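First the structure, which I've put down as structure tokens, then a few questions once you've had a look.
By written order: A, B, C and D. Residues from 1 in each chain.
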Amino acid sequence: MVYDYYAGGANDEILLRASRTAWDDIQVRYRVLRDVSDRSLSVQVAGHALDWPVIVAPMAFQQMATPEGEVATARATCASGCGMILSTLSNRTIEAVRAATTGLLWFQLYIYRDRGITADLVRRAERAGCTGLVLTVDTPILGRRERDLLNGFHVPAEFEAPNLGVNMRDALASRHSAASALATFIANHWDAGIAWRDLAWLQSITTLPIYVKGVVRGDDARLALEHGARGVIVSNHGGRQLDTAVPTARALPEVADAMAGRGTLLVDGGIRRGTDVLKALAMGAHAVLLGRPLLWGLAVEGETGARRVLGLLRDEIDLAFALAGVRAPAEATRDLLA
Amino acid sequence: MVYDYYAGGANDEILLRASRTAWDDIQVRYRVLRDVSDRSLSVQVAGHALDWPVIVAPMAFQQMATPEGEVATARATCASGCGMILSTLSNRTIEAVRAATTGLLWFQLYIYRDRGITADLVRRAERAGCTGLVLTVDTPILGRRERDLLNGFHVPAEFEAPNLGVNMRDALASRHSAASALATFIANHWDAGIAWRDLAWLQSITTLPIYVKGVVRGDDARLALEHGARGVIVSNHGGRQLDTAVPTARALPEVADAMAGRGTLLVDGGIRRGTDVLKALAMGAHAVLLGRPLLWGLAVEGETGARRVLGLLRDEIDLAFALAGVRAPAEATRDLLA
Amino acid sequence: MVYDYYAGGANDEILLRASRTAWDDIQVRYRVLRDVSDRSLSVQVAGHALDWPVIVAPMAFQQMATPEGEVATARATCASGCGMILSTLSNRTIEAVRAATTGLLWFQLYIYRDRGITADLVRRAERAGCTGLVLTVDTPILGRRERDLLNGFHVPAEFEAPNLGVNMRDALASRHSAASALATFIANHWDAGIAWRDLAWLQSITTLPIYVKGVVRGDDARLALEHGARGVIVSNHGGRQLDTAVPTARALPEVADAMAGRGTLLVDGGIRRGTDVLKALAMGAHAVLLGRPLLWGLAVEGETGARRVLGLLRDEIDLAFALAGVRAPAEATRDLLA
Amino acid sequence: MVYDYYAGGANDEILLRASRTAWDDIQVRYRVLRDVSDRSLSVQVAGHALDWPVIVAPMAFQQMATPEGEVATARATCASGCGMILSTLSNRTIEAVRAATTGLLWFQLYIYRDRGITADLVRRAERAGCTGLVLTVDTPILGRRERDLLNGFHVPAEFEAPNLGVNMRDALASRHSAASALATFIANHWDAGIAWRDLAWLQSITTLPIYVKGVVRGDDARLALEHGARGVIVSNHGGRQLDTAVPTARALPEVADAMAGRGTLLVDGGIRRGTDVLKALAMGAHAVLLGRPLLWGLAVEGETGARRVLGLLRDEIDLAFALAGVRAPAEATRDLLA
């Protein structure tokens, strides 16, 4: 049940598969004899120095993977020199996670019908020392995830959801219709009516920069910037929301062109290999978000497993840079892509 | 035998498969932050208000799926707020089906060599209160359906075909060469020679609007309008007539362009998911026809099963709207498609 | 061994497979309401009236399929109203085959190093009453057919090859290295050096029209006409010569454009369904050559089986015409193809 | 373990597979009636007359395939009339290999951090009578070959690596972490910092012509010529370095255009059939490099097996020429490719 929740996608999982193959299908026109003895993967993302251009994506309920939950993830990212986005649907408190890493930590949130809940979460994130807010915009309602429907997915009863703003433990842990419990919670509490004006409102109640996650169109990226966002995350929620949506590897160039260098540009969706990261950078992303592989690492060996996964990816990115004749992220340009 | 008759297509079933993949292969550039809290799926189709943009396609011999046959379908569509087209090759009378729904009900027919039979059927449809006629034009003769040939397909002897205009029960129920019996009936009774002039003739004997079903070309759509049709249904008969014909998802944009907003534009063929309907609307269709899934619902649980299938699709369309940032059919525009 | 000889292709059989899929991948934009009650499949091919646009391709050693060999084929084509091309590598004499059909019968030949043998064969074909010569130009040497190499393909010892011009029975029937025996025979006797000038020579020694078989390029088709050929057969020898050559369905439009209506244009390669024939005509072919399916018919039931295969295809072509809104070959135009 | 080392590629082996299919997918527009009785496969490559346009690629550790190692390969190439490139990572000395063939023999090398080692190797190659140097530029560090990681790949302890310039036998033969031992050796000894200036340096210390191997871009090919290279080998190291790099069959035309006839142009990567060689020549290559098939021949039957493999390929190229209407490499032009 947990594996399917993590691994699955919406409906026929066409997008879930396409998210991978879209990266695979892009071919690299690598360069040679570029003196790649000194390579740097470090990037500046919204004022943060990252040792390498990866941020762990917001993923729900990480205690289902390892007892320490999101705290293990935070420790792994801190040790690995990359960033982390904490999900609203986490099992550990913002404060505990913040205490576990000195690195980039952003808080991901939704806008509640009761704006007061959102405002409270924003204040908690600010007080805890998160340095950015990630507003997920591809989930006005929950996608249809058929594995979860078949499995009667539910969050094990012993886990908490301390950053939800409301007490959802009982509902989420219901054995009988948990998937719909989650969907019902979202329908009841989150606001399907959020619009660009709400982005402006959110910006008005915080000094934290806001990043809009879930954009796949150039015009939406421009709207995000116009409404105060400091950046955009090209994402389709890991293929879990609208099946047959455009894969992010296909959407990214259009969004990068629309951004034209203004604001921070990130991307997720199917990134598994170092070459995927190289390609994302070449298309214009400043860094990428890594999702499911982190969970597999957590599930196998907790924080250690997560560090191992991050280390493997970092090594692969470094290798991809070397073999492509790229010494630093700034040298990853579009001519690398066939 | 019945499953193969329902599920199968012509010859190598290349078109049958392509009809599905053509929709799957179209990617959605969804919009975000569009305030989708108030969504409406309702459409006006030829003056009828439908709660959502689906009409059940004309499908033959529905008693093979459930004892109540087309009456069960009619009740399900009525309860679900969508429309229905009754096939000439139905097992229940027009009158019984009409009595079972207050919703949109059109009668599908062919033109007989004996024009008097067609005229009688038109009058029956008028008197019964059908509000439209659907002229199927992709079946001058019956396609080659190899599953039916192998199975010796026949209609079980206890079923009637009361809207055929001629007594075909014995022939259709023949156990020995039923497939060819159907083909022979069609060859003997239906007019392979129908032409655009016959559309004008048909229009001359009725006040009902006529929709031409089976068009896959822009020039044919224009001809249909010029000869009096009130609309066009882009269809290839569910892949059951000419194998390797163009899939409807590929033909629809050309037809929509040729129609240029004149008349009603519908489409069928491989539509299974809510996103398929969203894509069809984005290409210019006013609504879609749903075929085989209805039969699976009927076969599992009669009217209840049909309602369940319709409910699932309606929910999926609503979900697709919400996730694509579309509040109403009018907002489904071509820029949604990659 | 015989099945593999008939069914196989060159090297990796990439072209053998592509020959089929190239037809399958072409989609038909069928027309409706065109009054297809009176359909005619008849064509004029080089002055011959054929009831339908099919000629049986030259295929070697048909006694391996049925005891009567090419005589059975001739009878089947005569009964079915289509044409036949007799292979040089046949088991029955030209005269016996000619006696078996009143229909179109052309003789296929190669040019021997010893031009006298070719001249003798031409005279035999003329005297027997063949009405055309087909010069195969894609076989300067034999293709690499790995099935035959593995099987040690040989012609059973009891069969003759009476139209070869030389006594090859012993060599072809060798059990130990028959494939190479065939290749060696070809290398020794046929002229790998044939060139356009030889086409002119061949035309100079006969009054029969010559058709050049094995062309896949527009410039070669023009050269054929300039050197006296009366027509061209777009063919790659059924995928048995140069693997990964261009499929005929892809080459045909270019050749048709180059011919620009001058001379006879035929095509073979992977044609199995009535829709394939419709597509070939729409691209500009006057008729198609049918190969392997005829052999399967012969193998199952001799002349009767061959007639059954021809009847099935004829019915399918007729059906494809009806369903595409095409009343006669002249109406099969390129706008039918997507 | 050895098979996987030879057969495998980097990461997901996407490029390994694409290297083959890229050739397969190119279709040949063959010519007919071109008098192909006298065919020649001979080419001039950098002043060497080769009987046919193939050079055996530099491949490491050939003693793992056959006891005689690279000496067997040299004898086979000599007997077959083609060329050979000896790998730095060979098990037999340059001198022994040179003594085994009178044909084209080039020495492949890397640039060491300690330039003196490279200079020594260059002098050894010169003194031994090699007539060209091949500088591999796609391996600043070793690619990630997961088969080798899983197998703990190591070179059997009894083999030497006499052309490495340093004593690496112990490290390469380590059973416990040999793959990383190879990677560590490369990281320690070879210079990941090599750049175009080093090509100029290398040229300054030798009179031998230098060929740059591993180029996939037109601009890099031009840079190679500008820095003194006499030619370019389009290669991605057999798919063993950067996975999802552009296949050579796709990169070759761009490189050929950039070279514009200046210098020698070779290509490797997935070449298995005679038609692949024909296609490479048609794109502008002067000859191709053959890799893995040679190893299979060595493994089966040593020098004899290698000769058999070379003979099969030569026969296939000759056949492809004949069937494509090509009498000599100069007639292989781009119009042959669809």
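What to note about this one:
Here, a contact is a pair of C-beta atoms (placed from the backbone, for glycine too) under 8 Å apart; a residue touches a chain by one contact, two chains touch by 3 or more.
Everything quoted here is computed from the prediction, not taken from an experiment.
Counted as hops between touching chains, the shortest connection from subunit A to subunit C is 2.
For the copy pair subunit A and subunit B, the superposing rotation over Cα atoms measures out at 90 degrees to the nearest 5.
With centres computed as the average of Cα coordinates, no chain lies farther from subunit A than C.
Our note on geometry: subunit A versus subunit D, Cα centroid distance of 43 Å, whole angstroms. Between subunit B and subunit D, the centres computed from C-alpha atoms are 60 Å apart.
Counting partner chains per residue, subunit C shows two or more touched chains at no residue at all.
Interface of subunit B with subunit A (complex): residues 24, 26-38, 273, 275, 316, 319-320, 322-324, 338.
Per the touch definition, subunit B reaches subunit C in the complex via residues 11-12, 14, 18, 137-138, 140-141, 143-144, 191-196, 198-199, 212, 214-217, 220, 223, 236, 241-247, 250-251.
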